[in-house]
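First subunit A sits with subunit B, and in the next complex the same chain sits with subunit C.
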Partner chain A sequence: MNKKDYLDALAKALDCLSREKRSEILSFYREAIDDRIEEGMSEEEAVCAMGPVELAAESILGELPVVPRAVAKTRRKSPALLWVLAIAGSPLWIPLAFAFLLAVASVYLCTWLAAACIWLVAAVCMFALPFGLYLAWCGVMTGTFAFALAQVGLGCVLGGVGLLVFNAAFSASRALAVLSQKWIRKAVSPFKHYEADNTCAVAA
Partner chain B sequence: MVDAQMKRGFLEACVLSTLCRKESYGYQIVKDVPDILGLTESTLYPLLKRLETGGFISVRAVEHNGRLRKYYRTTEKGRGFLESFLREKQEVMQIYRYIEDAAGDEHSQRTASVQRAYSMRRTGLWQANDSR
Partner chain C sequence: MKEIWKTSRRVACVLAGLGIVLSLAGFALSGFDPRVFSAKVDRGTVSFGGTIVENPENLPFISTLAEMGSVEYGVSSDEEVS
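Then we have the complex of A and B:
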């Protein structure tokens, strides 16, 4: 088998992948064959060193996420079979997909509801300061100075607590943002691999 | 022949350490990695993609003899992975020593029981000969 035949066979075996992905893979194998030819091997020897096309295709498809891998392998066996399974299995996979989306959305929503609750508590506590000052002014107007003093004190205390809770809400929001991002990546992982974020040291 | 599961971990570490010394390309990596791991392009491509996706290696294309050749290099994250891999060496050696000792004990016990059975049989034969 020569280089062109090998690459054509590999392209056909990887027909289920996108054109961009296929082109990248073929470029890798083309480079590997050319490097061996440059070293002195004949084209046939270089192609032989690549191993069987089926093995190369299997190892490449084996790295795909679960769902694209199953779809690709079924499509390799028979595109018609894929359509038959998709249509015949739709009463099963459509409700499952819907339930999955609902579960993902629910967790995402609950995560941000927790953050919203903390922000609400911070806002209420901070609002206590101007409200306390207003009540203190009312107390001064009615001559109840002890009441006015108590309201000023209470407003200041709650305002201070509000500042602390505001700080906690900010930190919690950042943590929840990271958590929700991880959750979304986890949820999408059966369908797609994510590239590593260079700013975040997360092991693959 | 190295077990498939162990092989995968060793291959990643070997490729990363090869790319630590200097940047390299596909065929050169296949030549540099120990033969015992049986690295070929079929296993190398998915491995490089996995490492690149994980941020353990970086890639750049360089013109070489009128064509483009991709060069790979280990990143800081990749070096961190190698450091933690090497830190596990003592624990792995401990497990190997345990297995050697345990397998060695069983082997010694089997040998001793075979020798006992043989000597008992010989004793039985001698006694039978003496009684004649």
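Then we have the complex of A and C:
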């Protein structure tokens, strides 16, 4: 079998995939065969070294995420079967998909609500400082100096606590951003592979 | 960035320490009366630290609150001294 026949057979075996994905895979195999030819193999030897077409196709489909793999394998058996299963199974997979989306969105929302609560506490504590100073001014104006002193003190304590909570809120928000990104990637993983790209940069 | 966080933590600790000292000073000055940390606005009557304030109209935001209704903050005061 020559290179063209091999790639044509592989393209036919991968007919269940999208055009872009198929062309990406064929390009990879074309380069792999060309590399072997450059190393000194003949075209037939290079094609033989790639393994049987069916085995290569199975290996490629096996690397897909769960849902695209199931869809591709069903489409490979019979495109009509895929449609029948999609329509007949819709009372099952539509509510499941909805419940899955709801669960993902709930966890994502709760993650950011937690961050919002910490920021709210920080804001309230930091607001206590100007409020305490205002009450102290009122105390001075009305001659209640002990009250004024106590309110300045309380305001300073809460302002200091607010600054510390502000630091914690900032760190917590960064950590929660990384967590929510990981959660979304986990949720999408049955449908799509993510490369390990910015996760390390975000965590740093 | 780390220097900014370090500085803000130091400022927070200094502020909290200063606040504790001032609060204790105010508490001691009031004769160790816990009502010194409370303020009450009740339908025209304003009391700071258990002491009823005369002429609260001079206080910008407090006078508005006094007209509106009742607001209590801090330790609840059973007795008030005018």
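Please note the rule applied: the second predicted complex is superposed on the first by the 187 of 204 C-alpha atoms of A that agree within 3 Å, B and C clash if a C-alpha of one lies under 4 Å from a C-alpha of the other, contacts with A are read in each partner's own complex, and residues count from 1 in each chain.
Please note the rule applied: a residue touches a chain if its C-beta (ideal position, glycine included) is under 8 Å from a C-beta of that chain, and two chains touch if they have at least 3 such contacts.
Because the structure is a prediction, the values reported are computed rather than measured.
In the superposition on chain A, contact is made by A:145 with subunit C only, not with subunit B. Of the two partner chains, subunit B is the only one that A:32 touches; subunit C does not reach it. Shared-chain residue A:168: touches no atom of subunit B or subunit C.
By the touch criterion defined above, A:156 reaches subunit C but does not reach subunit B. Of the two partner chains placed by the overlay, neither subunit B nor subunit C lies in contact with A:70. In the superposed model, A:107 lies in contact with neither subunit B nor subunit C.
Remark: subunit A residues 25, 27-29, 31-32, 34-36, 38-39, 49-51, 55-56, 59-60, 62-63, 193-198, 201, 203-204 touch subunit B in the complex.
Residues of subunit B touching subunit A in their complex: 25-28, 30, 40-43, 45-46, 49-51, 53-56, 65, 67-70, 77, 80-81. Chain contact summary for the complex, subunit A toward subunit C: residues 129, 134-135, 138-139, 141-142, 144-164, 166-167. Interface residues of subunit C, counted against subunit A in their complex, comprise 5, 8-9, 11-27, 29-30, 33, 36-37, 39, 48-49, 51, 53-54, 56, 58-59, 61-62.
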